[in-house]
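Please find the structures below.
Okay, so subunit A shows up in both of these, paired with subunit B first and subunit C after.
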Partner chain A sequence: MSLKLLSANHGAGLAATLAGRANRTGRGFCSGVYPITPSTECMEYLCLQEIEKGRVVKVESEHSAMAVCIGAAAAGARSFTTTSSNGLAYMAENCIAAAYLRLPVVMAVANRTIGPPWNIWADHGDALMLRDHGLIQFYCADNQELFDTVLAAFRLAEDPAVMMPAMVCMEGFILSHTVAQIDVPDQALVDAFLPTTTVPHRLGEAPHALGQIDLPHQTEMHRHQHLSAMNGAARVYAGIQDEFEHIFGRRLGDAVVPYRADDAETLIVSMGTIGATAERVVDQLRAQGQKVGALRVRLFRPLPSEAIRAWFAGKQRIAVIDRDVSLGFGGVLWGEVNSLADPGTVVQSYLAGLGGGDVRPEHIVNMLADLQPRKNAGHPAMMEAA
Partner chain B sequence: MKNDLPREASASGLENLSLPLEVRVHGRGGQGGVTCAKLIASLYTQMGLHVQTFGDYGSERSGAPIQAFTRVDRQPISNRNKVYQPDHLIVLDEALMGPQVLSGTAAGALLLLNTRSRLDAFAGQFEDYRFGAIDATAIAREHGIGSSSVVIINTTILGAYARLLGVPLSALEKAYASLGLSGDLAAAEHAYDQVQIRDPRPETAGATARGATTWQPVLPPVLPLTEHHTDLPATLKTGTWSTQAPRYREHAAPCNQACPAGNDIRGFIQALKNEGADAAARVLLRTQALPSVCGRVCPAPCMQGCNREAFDGAVNIRSLERWIADHSDVTLERQSTDTPRRFAVIGGGPAGLSASYQLARRGHAVTLYDAGPGLGGVLRNGIPAYRLPPDVLQRDVDRIVSLGVDTRLNARLDRDALARLPDEVDALLLCTGLGPALKLGVEGETLPGVEQGLDFLDQAKQGQVTLQGRVVVVGGGNTAIDCARTALRCGATSVKLVYRRSREEMPAIAEEIDAAEFEGVRLVLQRQPVAFTGNGNVSAVVLAEVEPGAPDASGRRQPVVSSRTSTLDCDTVLLALGQGAMADVLPDDWQIRNGRVWRGDAALPVWLAGDCANGDGTVTHAIGNGRRTALAALSWLESGLDGGVPTGDKNGENPVAPGQIRFSHFDVAPPHRDKESPPSVRRNSFDECNHGLAGPEEAERCFSCGQCTHCDTCLIYCPEGVIARAGDGYRIDADYCKGCGMCVAECPRSAMEMHEKNKQEVSSCL
Partner chain C sequence: MMNEPVLGGMAQTTLDRPDPLLRMGNTNCGGCGLSSLMQMMRHAVADQRVHLVVPACCAAVSAGIYPQSTYGVPTLLTTFASAAAAASGIATVARMNGEDTRVICLAGDGGTYDIGFATLSAAADRNEDVLYICYDNEIYGNTGGQRSSATPAGAVTSNLSSAKPEEKKDILAIMAAHRVPYVASVSLAHAEDTVRKLRRALDLKGFRFLHVLSPCPTGWKSEPAMGMELVRLAVRSGLYPVIEIFDGKRYVVNIEPDFSDEALDMYLSLQLRFQKSGISAAGLRPAIDRHWQELRALSGRIVPARRVA
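Coming up: the complex of A and B.
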């Protein structure tokens, strides 16, 4: 183990490199990459690495980058890519293909506002676009968590009971470009954590096409299998947490991260770095005697509904902060968790930090001041945070 | 001046550090502000502290204001917000300094400013801060960090920061090594020594950064939840972020710069391409009196300069000029002038014809004297008909004469007549060419059968020569080649050309040498005749071997004649050794100084033009010099100022180089070659053997180096879509041009450039 000063982008690239090397006794590593701000640094880092039995392929588009990953994973290699924003939108068709082909590709997504008009800053709306099509989604809050989650994502995606792509998301610039210490494990530890990739349905000696036509009853069966695998992924993840701790000596973050939530009357629910800011607000308000707690959703797909429901039980008010908006609806996270609260709990949607606005503790304090007198949830409320 | 502070203020620098610590760096894109914050983070990492550092990225373009932040603490840092209340503020660009930069910076904070001013210039300013002033730009420039236009100062200014913190310089070493910047440590040390430091005023000295009474909170407001919906966002004029802007600017074309006649080659080719031969002729005829001639016999230095040579072969410019001359009968009209002058021009060769043409078409009275029976000089009696048919020459001569030039043929002026002429006219131009042909000065040179090549060519042009047997031509210039090829046409059994240097060193036009060999002329190189022998008629030439000797002042190796000789049998020898200086025909009291004639201390209105002035030796040089001399004389008559005769039309600007052409925007298309007669029909014929181009398509190959062709590439490549067609060109919307420079980089022909915006143009908004 050694402490390294790395940006989250470089941390993701390094985690992928270590994971790639760990598969050197198997079918190796192959990554298709194409640059887009703010994920570019991650692919640049990857391109500069020497990976035994590995190759980083620079292609002409995000769509092709994922196509390379699909080909690599279908041939049994460990595979990784990274992108952002409209790049992810362009890649989306093949992301979905990778998911329905049940290929364990891992992606680092540096979340960026979808344009036009062009905006390079953070917004979760790009990754959330893919929430319904069979990809695992993590949202991270700091460099170490991002690094650890990328490693864990390979293990989870490649688990025979899961076998699907995993996205590890970090807010563009706020996290992707922030440099901080990362505790980087030795290769031997990563080798111990990540077994050789095995894709059961990988292309072998006999040529055949993947993803040929499905009749209705077959599709029903495939969806059922995928849904079961998704639902089982949370349980698999819990096992990976234990193994991760056993090998690396630190605990991998839970699917849902509570903060002083046990006796809280009011909960702040969010994803990504806003969750870290919410924890600072909790400390501030607790010091004033207010019973406030926070919940950070790290694993968004599969959504740990039962855990969230358990944390929601008995709460009076819940503020759900989304750095995204589902137009015509409200916050995406809010829509997901709204039904998990007790009847009578006020679950209010707040939209903040859209387009990369700096969400400060004062903003969250103001939201809670808005929430406090509410008897019922109202329309989603948008807060400007320049 | 060095400060009094000890260099090793503390072992680790941690003693005075109050944690958590927040650092904010202000700079402009390209100055390295984000790396500066990373280096600071790395510095504190060496002290075993937790760090977090990030940039506040705006637009990724140079010059845009940027901020970068570093947080330091003993425990992991969970604050994900920007730094609004810095304990340390580092400003890389003094021009950014203002309330917005200082916002949130409390009394007692540390302020480090990159400035050209010395500390005492800041009396009364920043007194609440521990203030450091350093000229990091000068130090970084001295240490060669960055480029001459963009000096990168981040590594330099950190030396000053370390000094302000009181940490030893050695603490920087690991930080710099971690980012591969160890080479910049010397500059950091320089700044460490040079930084001037002033402590805060006593009343604020004890105040800590946080909670100090003078602290003005300047956090951005938190708007109520209901407010923003009705606010229309202010227009974001991204053009204000840039410090550079593109503009359209014509650059010199290499062909134009290379043309001795001063022709606008790019202009006439583009006119031919876009509007046809008549439009092209109107451009060409402004400077070129003899386009039919030059389109055939010019050595075409323009083609050697052509940028297309580095791509797929130079544009066949000479033949395009010929095509225009052969396919247009346009004549530029004689203009009228309010101050008509009288000129006498002596000599009807290329220089005299060019001078007469330029003066006559401007409405002046010109009398052109020539000693021969027709106009043209060397064009008429020197250049063989197979290269320049007489009717072609006559066409150009007729165009000149038709402008009203009064021609006096068979008029050889003696000294007295010359001496009188300046009183009869306003100005006199002497264009009498070179003097008599040079001789070898060796034994047997006077034998019958040893002739001067120029005489031979003159007689051949009049159809008065038949040759038999073996001919030896001596010389390596165009006259020698003309003699050799003419000898073949006059019946010679064999022709050998003897030259004392190598083929590459022959002054003749390369294509002419090729044509001579193609027709059967044999080159005998590195040989020098040392004697001619024969009983009665010459029957052999004794050749000595020549070795290249030491280079002369021009770098050309001087031939050294050895004693090893051989004999070459022959029946005729033609000498083509060049011509001497102008014959001594001037009145006794005329002296030549700087191309002009003087009598004692008085400048006479008499100029020399063409070969007799400078001996450049090509038709094209003579045409250019004739024009420029005529215009200089005219200018002197009108203004009384003697600006001299310029040697060319160059304006001192470097022409567009191949590296400035975007070859990738052009398709490979080899040059269109001239149609040539086969050797079988050339041998006994003086018919023109080069038939020029089949059509004007060669003009399509011109890159138009340095001149906009309205190809729309800039418009197509502009990522902001702010370039639009307007009038005869393009308009760039400065409000939204980010100054990325893509249009300039993509311009296929270097017809654009970037320029630094001035202070009014640059917004210093944050």
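Coming up: the complex of A and C.
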């Protein structure tokens, strides 16, 4: 173990490097990459590492970057890429292909507003676009958590019962470019944590085809298998948490992270770094005697519905903060968790920090002030960054 | 074992792959050029380890319905524009693991000339260890025959009310401009030419590009049994130059056409896609002559572009 000062981008690149090296006794590591702000530094970091039995292919587009990863994973290698925003949108077709081909590619996504109009700052709308197509999604709140989650994502994606791509998301600049301390494990520990990659359906000697025509009943069957694997992924993740703790001596973040939520009457629900800000607000308001708690959704796909439902039980009011907006609907996270609350609970959607606006403690305090007198939830409320 | 008439009298030997690359019971149309190509490829690949990469195209449909596969080798089906990039990943992993796998892309004209072109160009630029074969039936087969940069001048497509006026994109020149080790056009009507070029391409390292004029009775609206004859007429008339380009520099003309207008008119008249527009040899000849003048210059052959009878 050693403590290093790294940006989240470099942390993700280092985690991928360690994971790549860990597969040197297997079929190696191969990554397809293409730069886009703000994930570029992750890609650059990865390109400059020496990885025994590892190659990074520098291609001409995000679409091809994921295609290289698909080829690499189909050939049995460990695979990783990183992107953001319009790059993710451009890559989307192949992200979905990787998912439906059940290939365990891991992606670090530096969340950024999709344009034009061009905006390079954080917004969860890029990754959420891929919500429905069989990719695991994590949203992280600090550098250490991101590093740990990238390592764990390889283990989870490559688990034979899971076998699908995993996205590990960090808000662009807010996290991707923030330098903080990361506890970096020795290669031997990573080797112990990550067994060599086994893709059971990889191209080998048997003349089988990957991805040919499915008739309706076959697609139904494949979706059913994928859905079961997705639903089982949360349980597999819990096992990985224990093993992670056993090997690295620290706890890997839970699927949902509660903060002073047990006896709270009001709950602030969010993803990513807004969750860290919410915890500060909770401390502040608790000091004033208000019974407020926070819940941060770290694992968005599969959504840990049961855990969220359990934390929602008995709450009077819930503020769901989205750094995204599904136009014509409201916050995406709000839409996901709205139905998990008790019938009498007021679950209000707040849209904040869109396009990278700061979400500061006072913004969240204002949301709670808005929520407190409400008897019923209203339309999604857009909180403008001041 | 299946009789293979397309081999043009070449004997099968013990060096041939014992199993076909394209298995019986596949759904290819009768007279499909891809079927002939796959039979000759079986001859050429012999006992080499092959992985196929097929983007969305007729060959993806040919692969058959899950969980069976038409192809006798492991095959990855990719999105439309991704064949060359996915093949890069497979080839990279094979090389890292010391495996002598031939990674072959089998892509139609759409995935090559148009939507997959940036991917193809970039893989060629990186000189990936991939053999890219474009079986070009000129018709956007799996969407049913729309206009593209591979549509030849004079052809009517399902979304054109009159013939395409523009010339077809010169894909060989573009690939040669990437200065890859080997670029060649292949005549399926000349089995020795096809098998020799497949073998040469399989034996080379780096990016290799083969262009195959692939008869398509369905799209060309021609007699299935006439496919090979149509290719022969395209070669004879000079419409389809059969050449090799080494390292993007050395041009070799492999089959000398006789530039017969009779052959060209025959080629056009046997396909309904040209008949609809009324295009004739006289209409296409100037462009063919111009192209051959360039080829003569590039191949260093001081022969008139068109022989005078």
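Here, the second predicted complex is superposed on the first by the 381 of 386 C-alpha atoms of A that agree within 3 Å, B and C clash if a C-alpha of one lies under 4 Å from a C-alpha of the other, contacts with A are read in each partner's own complex, and residues count from 1 in each chain.
One rule holds in what follows: contacts are C-beta pairs under 8 Å (C-beta built on N, C-alpha and C of every residue); 3 or more make two chains touch, one makes a residue touch a chain.
None of these values were measured; they are calculated from a predicted model.
Engineer: Please determine, from the superposition on subunit A, whether subunit B and subunit C clash or fit.
Structural biologist: Overlaying the two structures gives subunit B and subunit C room side by side.
Engineer: Which holds for A:Gly71: it touches subunit B only (first), subunit C only (second), both, or neither?
Structural biologist: In the superposition, A:Gly71 touches subunit C alone.
Engineer: Using the superposition on chain A described above, determine whether A:Pro207 touches subunit B (first), subunit C (second), both, or neither.
Structural biologist: Only subunit C is touched by A:Pro207; subunit B is not.
Engineer: Which holds for A:Val59: it touches subunit B only (first), subunit C only (second), both, or neither?
Structural biologist: second
Engineer: Tell me the contact category for A:Glu93 with respect to subunit B and subunit C: first, second, both or neither.
Structural biologist: After superposing on A, A:Glu93 lies in contact with subunit C but is clear of subunit B.
Engineer: So after the superposition, what angle do subunit B and subunit C open up at subunit A's Cα centre, nearest 10 degrees?
Structural biologist: An angle of 60 degrees, rounded.
Engineer: Can A:Glu279 be said to touch subunit B (first), subunit C (second), both, or neither?
Structural biologist: first
Engineer: Based on the superposed arrangement, let me know which partner A:Glu362 touches: subunit B (first), subunit C (second), both, or neither?
Structural biologist: Once the two structures are laid over each other on A, A:Glu362 reaches subunit B alone.
Engineer: So, A:Gln372: does it touch subunit B (first), subunit C (second), both, or neither?
Structural biologist: neither
Engineer: Does the superposition put A:Gln225 against subunit B (first), subunit C (second), both, or neither?
Structural biologist: Touch partners of A:Gln225: none, neither subunit B nor subunit C.
Engineer: Smallest separation in Å between any Cα of subunit B and any Cα of subunit C in the superposed model?
Structural biologist: Minimum C-alpha separation, subunit B to subunit C: 12 Å.
Engineer: Residues on subunit A in contact with subunit B in one complex and with subunit C in the other?
Structural biologist: none
Engineer: What residues on subunit A touch subunit B, complex-wise?
Structural biologist: 3, 5, 37-38, 120-121, 141-142, 173-175, 177-181, 273-274, 276-277, 279-280, 358-363, 366-367, 370, 381-386
Engineer: Spell out the residues on subunit B that touch subunit A in their complex, using ranges where they run on.
Structural biologist: Residue list for subunit B touching subunit A: 38, 41-42, 45, 50-55, 57, 60, 76-82, 178, 219-220, 222-225, 227-229.
Engineer: For the complex, which residues does subunit A have touching subunit C?
Structural biologist: Result: residues 27-28, 30, 32, 53-55, 57-61, 63-65, 67-77, 79, 93-94, 97, 203-215, 218 of subunit A touch subunit C.
Engineer: Write out the stretch or stretches of subunit C touching subunit A in their complex.
Structural biologist: 19, 51, 53, 60-61, 63-67, 69-79, 81-82, 84-94, 96-97, 118-119, 121-122, 125-126
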